[in-house]
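As written, the chain order gives the labels A, B, C and D, with residue 1 at the start of each chain.
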Amino acid sequence: MDDLYREVIIEHYKNPSYRGHLDPHDISFADNNPLCGDHIQIDLRVDKDGKVAEARFDGHGCAISQASADLLLESVIGKSLDEVKALNKQHILDLLGIDLGPVRLKCALLSLKVLKAGVYGLGEASDSLVE
Amino acid sequence: MDDLYREVIIEHYKNPSYRGHLDPHDISFADNNPLCGDHIQIDLRVDKDGKVAEARFDGHGCAISQASADLLLESVIGKSLDEVKALNKQHILDLLGIDLGPVRLKCALLSLKVLKAGVYGLGEASDSLVE
Amino acid sequence: MSFNVQQIRKDFPILDREVHPGVKVIYLDSTATSQKPESVIEAMNTFYRRSNANIHRGVHVLAEESTAMYEQARVKIAKFINAPSAHQIIYTRNTTESINLVAYTWARANLKSGDLIILTEMEHHSNLVPWHMLAAERGVRLEFIPVMDDGLLDLDVYRSLLFQGPKLVSFTHMSNVLGTINPAAEMIQMAHEAGALTVLDAAQSVPHLKVDVQKLDVDFMAFSAHKMCGPTGIGALYGKTTLLEAMPPFLGGGDMIKEVKLRSFKPTTIPSKFEAGTPAIAESVGFGAAVDYLSSIGMEEVSAHEHEMIEYALERLEEIPGLKIFGPTADKKGGVASFTFDGIHPHDVAQILDRHGIAVRAGHHCAQPLHEKFGITATTRASFYLYSTKDEVDKLVEGIYKVKKVFG
Amino acid sequence: MSFNVQQIRKDFPILDREVHPGVKVIYLDSTATSQKPESVIEAMNTFYRRSNANIHRGVHVLAEESTAMYEQARVKIAKFINAPSAHQIIYTRNTTESINLVAYTWARANLKSGDLIILTEMEHHSNLVPWHMLAAERGVRLEFIPVMDDGLLDLDVYRSLLFQGPKLVSFTHMSNVLGTINPAAEMIQMAHEAGALTVLDAAQSVPHLKVDVQKLDVDFMAFSAHKMCGPTGIGALYGKTTLLEAMPPFLGGGDMIKEVKLRSFKPTTIPSKFEAGTPAIAESVGFGAAVDYLSSIGMEEVSAHEHEMIEYALERLEEIPGLKIFGPTADKKGGVASFTFDGIHPHDVAQILDRHGIAVRAGHHCAQPLHEKFGITATTRASFYLYSTKDEVDKLVEGIYKVKKVFG
């Protein structure tokens, strides 16, 4: 009935595999979605080859934002930081497998923006990171 | 053909009876119509009974504003200052004998506003004087 | 005319809109913006198709008509809130610009470092951020009347804050989250007795209640056309004449001047002094038509209907396990029900309701500090207007049970 | 598509309007505001009848649609002026607000007492008064590029003013009185070489010429929808990204924030940072439709038609004894003919022309200093747009002879 809430999304929302913190970590960044106040923090450990070894997220928000964070982290394990920098909107849409309007898209993209801002070492998770 | 430009208006515009200055005078005031920059100055002499003895106007502007200044001054000679204070929009419309839209009305009322501001001793010829 | 909601619904073409195949919209988001009756849409059409011209300076028929329509709408709006005169209505873009106008002109001309402004914890960002900016720029102090658990303002704290000699008290007439209708007349009187001026954020009251600026004795009042059956792009600031006359202008440009030299200008009189540039002319015509429409129905009738709606809605919503409604009881509020539900994020609630055609809003509703006060980041908000029906409330309740199902 | 003015006229319902019994309007006042094609009117109707909702925060279908339409219009407008990206388009009410925005934010954050701003003597009040206000408040200095008798700017004086190290050069792309098209690209380059930023008042150029902000390399540019076939109530400010990002916000309120606490806020990113409160949503849709309409015709075609019109109009008007036209020759100007006639006041000229259905504007056209420069207080202005015809010029000329008769 409700394609937006495919089972995989509800599943990753309710039982996320990557929720938590990493301490110590190599990269950590957090930001909000100004539209709704949703919050995501992402911690990464990077191995000696510059690849993502471990990843965790924490925060609060809707099923879409939390499930995409979980799916996103699953997808970046083993990727190089340059590969992470190259990820964009389409990557998230592919992971979710659903179509989103402009507002919900912001929810879905929050984790990617936070991840990329962290990897780039920026002060803010801006929209332009995922366009 | 053109009711707005009745003969009497064209006549008073082209051959005004009250154009000029009074020196000395008892009351003198000048102001602009902010919509078009039209300018009118009015000088009055008041007799010992507090009635308008002599009146002159000067300035520049459209036929409507200049003709109504001339007609207005003609109409106030012999009136007491209190009577002048009581004059409003309708007095001008009666003198002109035409209907005017809101913009041209401002042209027509400029002389009355200037006259009343002068009689009241105000700093400005505001719209509220003739409402 | 007796109030007939089915009749009224026919005036709003959008209510026939199918948002999903076979599913008509159930519009419960009027607090964000209201829908527009055909008469408002048509008034603007007619303006564009018959009369459109720039105003003020034109002597041709179209310009005279446009000018007259623009000013007639002002007269209608003035009457609607019982303003003593039409030149006390300044056209702005919206409530937000109206409040900023006061902050940029009256406040910057009259307040200095250390002066106190009293606000409340339930303000919309529109009545917070302009004062934050002023505080940062000028060192003006801000204090807040607390919101109590029941969604009402703590007037005892207000009373004690007034002893600090505030220069301004600025507050919302009706909360857009809690629905709380604040005792504006009383609060304004208290402010005046303490020597403060008042700004009333009437974005949510003018559309829903009979508001009388003279009875309220308010100094400034801000509201938006789009929330009261009118178009977007236009709002109003009401002000007391002596205040408006003494204030410096806000934006500089055409139509707000008496005279311009190369290096200086003289501003003109109110209301034009505050209306620089070509204004929202078609929108003023729509605003006037909106006021005509609401007046033809009667604001008492509108309020009474909304009151019936919120009573029924609260009753039905309170039945739902896991649902928590914020704000006071129905007798103290307007047609707004904001709630949290069973740990499910409001975005998800709203999104699933939308799948059933039910349009509600989710988020902080531009009142982050209020949400923070209640220890939450977001709520789902259903709001009602003159075209809302009990049947729509029933559908909302059914929808919420369906949300539950999706999240198992 | 080849340009066919009779076909184009069918798109504008108002051109059928009879302003007096049996007399259809001859609309020669497009410089004040343009008429609107049916497609623009209908786009807004459809918005109100099908999609209307508040934007940004809504997750329901109507809100998603409205948000998408609002942002798509921004993309269209950006493309129309060849802006590198859509977030460089800030929606405002009009050109006037756009210029004031720069004065209130960029200028107040960056200019101090003694700093120089260069303007020109042909500016509209919208590009004078905001700087007068700043000069009075901050002690900023203003200097003016003179207008020569032929209606062109004296670029030699400009060059020498640039030696004084101005911080800003703000000027009109096309004069709304003289019609002069200023050499904007060259003037902007000169300003940049002198280390100054630039504001272009494009109120009269974007509607009539192909304007490319990247070719111009302009820093800020202001224009209004209502002068380019769009609705009232909306305009735009274009700015370079780095400048817009560094500027403090203008109005405070909803939608321009990233986060609000009780006593502080963080602004969000551009363009939202400058769009506080519910914006002109329906109007953005109309603005987008206007840009679509003009693009479908082609701005080169529009300009070429207007050029033909002004050439013909100058030729015909110059025949009339006692008529004096201000401004440069047809090759250096847009479709604007301002004139004085035989000592008859422009109000009277316009009023009598109106009796014959001819809508022209009379007055100082919000350019008092320019009129003063030429030793006059007012002119009569006839202006042309894509729907104007030579037949209308002929009627204007006939009308002027009738004016003469009335004043015998």
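As a convention for this text, contacts are C-beta pairs under 8 Å (C-beta built on N, C-alpha and C of every residue); 3 or more make two chains touch, one makes a residue touch a chain.
Every value quoted in this text rests on a predicted model; they were computed, and no experiment measured them.
Under the contact definition stated at the top, the chains bordering both subunit C and subunit D are A, B.
The distance from the centre of subunit B to the centre of subunit D, with each centre set as the mean of the Cα atoms, comes to 37 Å. Our note on geometry: subunit B versus subunit C, Cα centroid distance of 44 Å, whole angstroms. Inter-chain spacing, taken between the CA centroids of subunit A and subunit B, is 74 Å. Multi-chain contact residues of subunit C (touching two or more other chains): 57-59, 63, 257, 259, 347, 351, 362-363, 368.
Residue positions of subunit A with contacts to 2 or more other chains are 35-37, 104. By the definition of touch given earlier, these chain pairs are in contact: A-C, A-D, B-C, B-D, C-D.
If you check the complex, the residues on subunit C that touch subunit D are 13-14, 17, 19-20, 25, 27, 29, 32-33, 35-36, 41, 44-45, 48-54, 57-63, 93-97, 99-100, 103-104, 121, 124-126, 128-133, 135-136, 142, 144, 224, 226, 231-234, 249, 251-257, 259-265, 276-283, 347, 350-351, 353-354, 358-363, 365-366, 368-369, 372.
Those residues of subunit D that touch subunit B in the complex are listed here as 345-348, 351-352, 355, 362-364, 368, 371, 377-378, 406-408.
Within the complex, the subunit B residues that touch subunit C are 32, 34-37, 101-104, 124, 126-128.
Contact residues on subunit B toward subunit D in their complex (touch as defined above): 1-2, 4-5, 10, 14, 35-39, 60-65, 104, 107. Contact residues on subunit D toward subunit A in their complex (touch as defined above): 56-59, 61, 63-64, 67-68, 71, 257-259, 268-269.
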